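Letters A, B and C mark the chains in the order given here, with residues in each chain numbered from 1 onward.
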Amino acid sequence: MSENLTLVQAVRDGLRDGMAEDDDVLVMGQDVGKNGGVFRATEGLFDEFGDERVIDTPLAESGIIGSAVGMAAYGLKPVPEIQFSGFMYPGFDQIVSHMSRLRTRSRGRYTLPMVLRAPMGGGIRAPEHHSESKEAFYAHEAGLKVAMPSTPHDAKGMLIASIRDPDPVVFLEPKKIYRAFREEVPDDPYEVELGEAAVRKEGTDVSVFTWGAMTRPTIEAAEQMERVDVEVVDLRSLSPIDFDTVVESFKKTGRAAIVHEAPNTGGLGAEIAATIQEEALLYQEAPIERITGFDVPFPLAALEDYYLPEPARIAAGIEEAFDF
Amino acid sequence: MAREFKLPDVGEGVAEGELVRWLVSEGDTVGEDQPVAEVETDKAQVEVPAPVNGTVRTLHWDEGDVVPVGDLFVTFDVEGEAPEPESEESTDADDEAADEAASATSEASGRTFAPPSVRKLARELGVDLDTVEGTGPSGRVTEGDVRAAAEGGDGEEAAEPAAESKSATKRVSDDEPASAGGAAAGGQEPAGRETTLAAPATRGVARELGVDIDDVPAVEQRDGEAFVTAEAVQAYAEGGQAAQGGAGEAGGASREFVEGGETTEPYRGIRRTIGEQMAESKYTAPHVTHHDTAVIDSLVETRSKLKPRAEAADVKLTYMPFVMKAVVAALEEFPILNSELREEDDEIAVKQDYNIGVAVATDAGLMVPVVKHVDQKSMLEISEEMNELVEKARDRSISREEMQGGTFTITNFGAIGGEYATPIINYPETAILGLGAIDERPVAEDGEVRAASTLPLSLSIDHRVIDGAEAAQFTNRVMEYLTDPELLLLE
Amino acid sequence: MVVGDISTGTEVAVVGAGPGGYVAAIRAGQLGLDVTLVEKDAYGGTCLNYGCIPSKAMITASDVAHDAGNAEEMGVYADPEVDVAEMVDWKDGVVDQLTGGVEKLCKANGVNLVEGRAEFAGGDKLRVVHGGDGQGSETIEYEHAVVSTGSRPIQVPGFDFGDGPVLDSRQALAMDDLPESIVVVGAGYIGMELSTVFAKLGVDVTVVEMLDEMLPQYGDDLTRPVAKRAEELGIDVHYGLAADHWEESGDGIVVAAEDEDGELSEFETEKVLVAVGRQPVTDTLNLEAIDLEPNDDGRLETDHEGRTDVENVFAIGDVAPGPMLAHKASKEGQVVAEVLAGEPAAMDYQAVPAAVFTDPEVATVGLTEDEAADQGFDPAVGKFPFNASGRALTTGESDGFVQVVADDESGFILGAQIVGPEASELVAEFGLAIEMGATLEDVASTIHTHPTLAEATMEAAEHALGHAIHTLNR
């Protein structure tokens, strides 16, 4: 059986299934319990699983993440939530110094089966700190997996895969598309493998690599373009990146563009471009275009639409790659 | 209510009938099967029976009109009961074109009556309901009507293939410049390979030199694909530049052609009748055509001599009467070519009359007036009669009787030109003789070639009845008489 | 929601859950579309909550009371006691059952329900403002929007709804206890239906109508039996008077109405019900945001698919042109849903039936004789009076007739007009006949059960054909 769910409803469903199948799984964060989460991602979990497994925490990101590290080290499977990814910074030390390193530090004696969830990304007319897209920070840190689903079906599947994973996962949810559309999501638990990209649209002229909330405008741009036959690959996981799929696509087309809302410099577009030319230089026919957010702090709501890549800008970038 | 009655099929394969006279008047009461009209075809005269009990509301034709089969003939008011809906015969193109009274209601108010399910079907099939003739009671549009309209076309079909062929043409011309342009742009639509590996720097070199990297001969392979170095590109550029440039330019230009489309004219009436008869003849009888050439110097001389004599009697003397006489003489010896095959009766009828049809080209098409009893008429009589008939045929005043009863046909296409042909037998005869143009042609006699007047002959026979040998023998005999016309004196 | 605005995406956003909107939403859900239905008040809209259903419930209840007390002819003697508050409670129960049913049906068909008032925000977005307790607002991003916001009663200047004794039809149906007397402004179908209810429940009813006939959309022969019955019920109807103002007077009020010469007539009464018509609701939608303008009648122009001038915005029901009838809205809702699902649907109905639930009932569908002639038909008319109907006589209601209009030449049925018992039900048969392109012959030759009122339809058709059995042919 399945149901038509939005992305955030699918997250909730994944949490519920994860908690139902394993008593060690617990959820913690600000307003996740009695309130059901400010985005309703944990709605009903408190009533179903009680206050020992759905924990309302104080406003203390470092504490939330640090406690979760401790719980995970001792055999629980915590799924802490940071209310907006922009607020992960107060807990950054816990993430990079401990969450990512305990396995190495203990030579494998301790692993941390925890999933750090946070809504991320812009497009919701919110002020600063609420629209961050800094997946690159976490991809840069060895020992962390970084997941960013772009559909309800992937959201539940990847969340369950993350919960079941013995190692830590940073699970970023693009909140702009939390309720943007509904998709059929199976009722029972299932996994969508981490580290696996999905080809959303096949094409022969230009490969476009994207993820998160940018997947939809990229597909829209690709479908509208008549001159160029665009292939769209949704990476879904940003660490590890599925370079097999990426390179295979590039070898087919010889031209690429990367679309991400994160700022340009140091964004993962650069990582992909570098890897492509390492692995498939001889196939390359044009410079790899990066269509991204700009190197500025995320602007206020009124300018948001100019900052985020949208179909016209994406199409223009793809054409640059095509016409070279 | 009203019952529209269309002229039914009145004879085998007959497309139309002449309304000789009405047997009822408007307002008369009629019983089912009661004859309402006498209609003549070129086979017979038939009576047309009423299909219902009721009264005659409208007689749609005048006596003497030629009514196409399937056209609206009489409208009856049916007594008492509800009229039966017409069956799927309405898919016949003739019926659709002919239906008039059915639209009376729609015409009055512009409204089309159709049940909701039929309206939905029309939308699904893309049929404009207001253009569909309803065959249901009182002109109601039925599901069958909508489906027929969707298939039948009524011009829609004509438009579509034209449109399709237009777009097909366009696409072809679109493709060419694109690929040629692509070649110049550096490897998109390669004239050579599909995939070539090369360092970006190499590609830059190729581009600068105006070389399509997919054409550069590759001596190396990497990763399973052809690999090209910058040096290879250079070398290729110096070598094959000239050839490449030419190809590149030629492909670039594209011509636009003016699409002519087509015009249509109706396929009906005499033309259609001829068509159907030709088809019937050719598809029924296995045709074999025997060709030969008669040397007719003597005939030419004879005719010249006799011509003034004939003119004195006000008769234009052509070669045709000679040919007809020659043919009759040969038929008397080989009567099997003067026959008719009646398959349904399992018999071959060998005719005792010699009624020779002469094919005439008219504005309306091919017509075959028949000169009856050629064996019993003199050359002059034949000549006179034939000329008369030809004129009548040409001005369409010829009667049906004058075109009936033939047993053998001659067609003189040579009057226009040509040597040999493969004429189609004038069904239900079993042979036809085609005459080519009388002309001076080289003839070999006794080892020497001279110019002689010759008349090419093309005899088509129905091989079910006549064998090649008979055809040849018959032709030989005809030629004997044509070569030596004096022999006709003995006939 | 803490901060920011996360849009909810949907394929079809339907604004207004009346008979147009909820039908569109359910049908769209059935066809697999992602639908969001926004309603600011109650599911079922005016029809279910304040109009069709409550009024018919009250009509039935008042009929029961009235009939019981007036059946001496049949040997039944009674003087029924009426508890209006209970009657209204019962009516409310019926309404609740139906609105609950609508909600269930929507959910069962996968329709997402949002409570709030919606307005267009441009860029294919709707802003939905939630109700009172601080839930704020949300944004819905739609691919297609369907406007089905319905209509509201027209307010006559000088008679503001909400001023104590001035009632609109909604309020009139919610009164827990009845006034002794009431002035009804407007002798249209709402005015006459409600006047009949009040009169049967013992209220002293005076009707004030600006034109010189009641139910002006219907022909004289249809309204005559209704006017006669109104008189019998003690309803006082005054024509040619336009309501001007009201003022307090002693315990009650005085309603002043003006004739064409400016002369005032005054009526003393307790309450005044204003039922002069309804106007489409488009001013709450912020249509400027999508560059859509209502026409001079306040309606949104639509094509045969229900599409407005804005390609992805549809309008159905009272906001779209055509008669303001719930069943027409429902039909449009169905068509729009099917169009959105890519089916070849269109508003191709041949006729919309209409019914007035007065005593006797009036119902029409299709063309009248005059309309048929205007359109180029040669009309054949058949009429069968109910006093010739066995069944009608057995119900004691034999005023009225069934009339059918057809094209003389082809026999196609073009229209029907009925006044009499169950007219609202009987007219359905003619609706089917017109849609099917049936002829008089078809209806006349269909066996109708005896003894029923429906036989009258068959007889009317026979009459048009000149061979009716139970009434004299011309």
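Simple rule for what comes next: a contact is a pair of C-beta atoms (placed from the backbone, for glycine too) under 8 Å apart; a residue touches a chain by one contact, two chains touch by 3 or more.
For clarity, every value in this text was computed on a predicted model and none was experimentally measured.
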item: Innermost chain by mean C-alpha position; value: C
item: Winner on C-beta contact pairs when B-C is weighed against A-B; value: B-C
item: Chain centre separation in whole Å, for chain C relative to chain A (CA means); value: 54
item: Mean-CA-position distance for chain C and chain B (Å); value: 64
item: Whole-Å gap separating chain A and chain B, where each centre is the average of the chain's CA atoms; value: 71
item: Residue numbers of chain C (touch at least two other chains); value: none
item: Complex contact set, residues of chain A against chain C; value: 4, 6, 38-39, 83, 124-127, 130-131, 175-182
item: In the complex, chain B residues that touch chain C; value: 1, 82, 104-105, 108-111, 113-116, 119-120, 123-124, 136-141
item: In the complex, chain B residues that touch chain A; value: 186-187, 195, 197-200, 203, 222-223, 227
item: In the complex, chain C residues that touch chain A; value: 1-9, 34, 110, 141
item: Chain B partner contacts - residues on chain A that touch it in the complex; value: 281-285
